[in-house]
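Please go over the structures that come below.
The following pair of complexes shares a single chain, subunit A, combined with subunit B in the former and subunit C in the latter.
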Partner chain A sequence: MAVTAIPVVRPRKAVAGGGALARRRRRTFWPFLLPALVIYLAFFIGPALASLWISFHKWDGVGEMEPRGLQNYEILFSDDTFLAAFGNTLLILVVVGAATFAVSFGLTMVLRDMRGKRFVRAVLFFPYIISPLVLSVLWGFLFRTPEGLVNSAWAALTGGTGVNWLGDHLFGVIMIGLIWVNTGFYTTVIMAGVDRIPPDLYEDCALAGATAWQRFRHVTLPLSWDVVATAAVIWTISSLKIFEFIYAFGGNTNDMPTVTVWNSALFVYGATFGGRTPQYQFGYASASAVVTLAVITVLVVLLRRLLRREAVAF
Partner chain B sequence: MALRASTSPRRLLAALVTSALALTVAGCGGGSSGGGGLTYWSMWKESEPQAKVLADAVRAFEAETGVKVSVQWQGREVLKKVTPALRGGDVPDLVDQEENPIRATLVQADAFRDLSGVFAAEVPGSAKLVSQVVSDKYLGTLKKDGKPFLVPYEVIGHGLWFDSAAHAGVAASPPKTWQDFTALLAKSKSEGRSPIALDGDIPYYNAYWTIGALQNALGPGRVSELAKDPTGKAWDTPEVRAVLASVRDLSRQGYFAPGFDGSKWPAVQEKWAQGQADFLLMGSWAPSETGAKAKSGISYQFLPLPGARQSVPVGSLGFTIPKRAKNPGAAERFIAYFMKDQHLGRIATEAKNLTPNPALPAPPELAGLAKATAELPISRPLDGLEADYPGYVDEVFYPANDLLVKGKSEVDGFLAQLAERQANYWKKHR
Partner chain C sequence: MRRFGIGAVWALVVFNLGVLGWMGVSALREHTAIFDTPWGLETFGQIENFVRAWSESNFGRAALNTVVLVVAASVVVVVVSAPAAYALAKSRTRLSGAMAVFFALGIGIPVQVIVIPLFVLMQDAGLVNSLSGLFVLYVALSLPFTVFLLTGFFGSLPEEVEEAAEIDGAGPIRTFVQIVLPLARNGLVTALLLNLIGLWNETFIALVFIQDSEKQTLSLSLLGFLQTQQYSGSDYGALLAGVCILVLPMLAVYVWLGRRIIEGLTVGAVK
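Now for the complex of A and B:
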């Protein structure tokens, strides 16, 4: 505090080179950084590098590793099961992501002027806190045919039998479920950004006779852009890791879900520990994890570039 | 202040290291088996009836032999805990599980102990050898290169279940051929009942039908040969096509109870237990699993799936010993000890399952199964596909078969999809 209160403006060079605060900062740099760095290296970077190493081998997790060079990757790119699973990962990333953000923005616009918005926001956030396992059970009760809640309601209203949700549209129902689970979180994040926008801008809009779309397009979106950009990156990374909801909803006590709804996370599990008789192909599964990680990294970098805007000061 | 600030992180670090070391030491102490003792990791949870039977046998064994047994009730994931230990670390002396997961782990990695010695040992106090107590009918598949890797204590049979109180006619003259069987289904349908209960969200249960029908038409072991073909085209024969068409017709004829496609397990098997459908194709856990929801007066009866070359698919649960076990001698003694009638018999009377000893009485609801296993040839569940080719059923057979059984694909479509997926599977499992 004392240092910042000094009114004398020092030359830039002197501040960068010495100064009591800078020296103290330098001294505390490593002690503060080290614990986090060690944990990060041990639990994230280390295993990631180990996966890369294992991906060049054939390994059942018990015997010796057998070097395989790039063979795992060659097989991977012609493995229809992996390509389909990876396609599902991308579908979740794009379709579920777009829908989640659209719904979240919609809810934000509605909630902004609503009385009791804190309560509603808490209710919306609720699915995000509950275990995906519990939600998948609930989701099963809703969509099973013929006795599920959705089809019972449909039958009561129209007399028809309704859609065979789980039998014919399992992946679609999984995507709807994921949108529902995630909407609460992204609504909360986006609302936090939107709440910072000064209300007088909206009053201006009202005076100028702007429509809801124009308000969104010219005020809300540009002024909450940095929050949206960050949320988009968070979604990209977390969508890659989605596992429990699909596993619990599509599968049962003993079996993996049907292979047509696997995403790349389930593929890794299926190639290692999943199923009644596990495959224990750790080398191959590591290769698939490395490929997924690489693609997602590229996507995140692209997304960051694409969403980069001059910050609007307000 | 400055001094304290500089030392306290060190103290903190020292405290952390000390406590971490303490934890490690404690962990090692808990995991090691004391000299002469026996470590047993079980597939059961303590509350299950099998665990109670085993725990009583452990206590009796300790009292008689003085060997201390430390049991950990690990549950079904037990082998997922054994596998990492195989590379280094404390392996248990004794493990039990179903034959398939054991085959995929200990046998696959050649980390099992040859159990020939156990089979040649005497069951204490019976003047009989273990090999004379356990029917050798079950042992054919439980060997690798002639070396037995499992001593079974529970046998699971697979086939049709029905309520003999409601279907006395079927119990009196069970159908022997597929034609007899489908005639029975047609009659039931025409009388307004649902002939078959199937929870179609479980691909394993869907595969029972197709593979069961194929086994009974081609003979045991033949389906496994078809699955071995790297091109996936070996399936395309007139014989196989005829069976596939008959399986597809089950749903086309409307023989499955409502909910088979689109509901969630156990909805349909509960309907069956309530008497809303006639037959259920399942393993011998069917009576105990549906018992709580069953209508009063139900009388469970077993019927092997009909067909020209009828067999009973059977799987075994039993003991195995890792090669690196510290005290394999004590483990072998315990296995032989458990084969005593007073212990093994309780697998039937209390855990309500079939034992591999044909001389022991079967629980009443499994009497039909006991008779069938004695009279008919034995085959493997899903003809061994799941056991011998890990991942094959999940990635190849189930996705194609689900559509066929639910009547959503034709025989041609099934064969095309299966061939494509099978070729893909063998490409990566060369």
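Now for the complex of A and C:
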């Protein structure tokens, strides 16, 4: 699971200031920064720009690059595999995201004044630090037919064979699994935001006879809004990085899982290095990566706009 | 309503612990028994599962590779990031502010977007299918998050200590190494820990860049194990033993340092 966080870079005061310490800091600024900066430019910024360049070519990574203009992008938007993968990415982003946030808020409201809340939080958070590969294997065991835990429990209760989860509803199983994995993290984040709300506001609510929903709607949500907004950006970024959890479901038929459950990360892998006979369509896959990156950028900007509200001072 | 909520929360807790417990128990059972009665306990006590996973699918070699790689890369990325983060946190110019944002951008770039150029780059350098190549990539790819995390930690250190060190005549490097780093020890340990966990679980980069089985990491061994089982027949017991080999070290670290891990991972969102 990618270790994620979100840049919340605060505006700093530009102190032109004098003082020996400040002067000295200006002298050591570049020597201290340079090693990290060089690595960052070489392994992030350079490759990101190179992806854009490669996306305008046909290239297998070995031979000559053959310029193609926007052709890769044109093919991409009539490629059913890509469109399905892209659709799945958006489904994960929106459906899994909405469900995760709803469950996390629900858990937060219950956990807020519950006994053993730290223990519960620690247990719920745990999947977040386990390899998604492992979680995927375990999740698969739950839903195997007929020997999976869910279906064997079903058989014991009703005598029926139950649903062929992995065969007929694989993407649904994957989406529920992703909610399970992520809930702990987002509960913790939202809880940290909610914990900062002064308790006397809730006492006022109790005095005014507010219902649980009113309390949530008019106190909890507005006062933890900035945390929720940041968490939404984190989710947008990390949902696009999801790979292993889906990939490991390919373990039973072929090296890659069936194309109907691919997201755009699997699409890049499938078009280049993945599968029994790798495709090495570097140009084409780069185009799909560029589309993904463009979409993230637009979404993050939109989300920040949409979620920006007047901060409530308390 | 409230009672229902508490019930649901505890059900979820039981579910999480149950999955973990089931994994541990079944890793010690025979394949056919797991297949027939997944909820049962028959044939419990099969240590051989672990022996088989360890020897047959090369988990031993992979464990060694992973430990060396993950520890080395985590240490190096913290060593490279710390001075940069310190410079970004303490020099309050417009440029350093812009640089901090520039580094943070890297957190938002998914690795599949840059993997193709990285592959070409590493191929030209002769570092594909090599553990040193993987080491370089792990350091580089962990950098933006580590710089971001440490910038926050250095920013919260008091100025006075450094001023005192300066008055005492310590040079910038000496101040940094002898005064600042020990003060920021907590942040450095958290950064190290989060990188250890992230890289221990890393699969995608290893999958793309490593082909030989003796250069595999644990994640790849597990994937390979899944694949060989398609041909030679399933062996759930040994598979779950393999899963345990990946999970148990993380579980131990989590039980030991869980609060620090949770705080480190959520600090960016909450601050």
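One rule holds in what follows: the second predicted complex is superposed on the first by the 269 of 314 C-alpha atoms of A that agree within 3 Å, B and C clash if a C-alpha of one lies under 4 Å from a C-alpha of the other, contacts with A are read in each partner's own complex, and residues count from 1 in each chain.
Here is the rule we use: contacts are C-beta pairs under 8 Å (C-beta built on N, C-alpha and C of every residue); 3 or more make two chains touch, one makes a residue touch a chain.
Computed from a prediction, not measured in an experiment: that's the story for all the values here.
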{"item": "Contacts of A:E147 with subunit B and subunit C, given as first, second, both or neither", "value": "both"}
{"item": "Contact breadth on subunit A, by residue count: subunit C or subunit B", "value": "C"}
{"item": "First, second, both or neither for A:I54, with subunit B first and subunit C second", "value": "second"}
{"item": "Touching partner for A:D200 - first (subunit B), second (subunit C), both, neither", "value": "neither"}
{"item": "Touching partner for A:T81 - first (subunit B), second (subunit C), both, neither", "value": "first"}
{"item": "Subunit B versus subunit C as contact partner of A:G63, first or second or both or neither", "value": "first"}
{"item": "Which superposed partner A:F273 touches (first subunit B, second subunit C, both, neither)", "value": "both"}
{"item": "Partner chain(s) touched by A:D255 [first = subunit B, second = subunit C, both, neither]", "value": "both"}
{"item": "Residues of subunit A contacting subunit B in one complex and subunit C in the other", "value": "31, 61, 147, 252, 255, 273"}
{"item": "Touch list for subunit A against partner subunit B, complex", "value": "31, 60-63, 75, 78-81, 140, 144-147, 164-168, 252, 254-256, 258-260, 270-271, 273-281, 284"}
{"item": "Touch list for subunit C against partner subunit A, complex", "value": "1-2, 5-6, 8-10, 12-13, 16-17, 19-20, 22-23, 34-39, 80-81, 83-84, 86-88, 90-94, 96-97, 99-101, 103-121, 123, 137, 139-145, 147-149, 159, 162-163, 166, 172-173, 176, 194-195, 197-198, 200-201, 203-204, 207-208, 219, 222-223, 226-227, 229-230, 236, 239, 243, 246-247, 250-251, 254, 258-259, 261-262, 265-271"}
{"item": "Residue numbers on subunit B that touch subunit A, as the complex places them", "value": "9, 80, 83-84, 86-87, 100-101, 103-105, 108-111, 200-204, 258-259, 261-265, 267, 386-387, 390-391, 393-395, 398-399, 402, 406, 420-421, 424, 427-428"}
{"item": "Subunit A residues within the subunit C interface of the complex", "value": "1-9, 11-15, 17, 20-22, 24-33, 35-37, 39-40, 42-48, 50-51, 54, 61, 106-107, 109-111, 114, 119-134, 137-138, 141-142, 147-149, 152-153, 156, 183, 185, 188-189, 192-193, 212, 227, 230-231, 234, 237, 240-241, 243-244, 247-248, 251-253, 255, 264-265, 268-269, 272-273, 282, 285-286, 289-290, 292-293, 296-297, 300"}
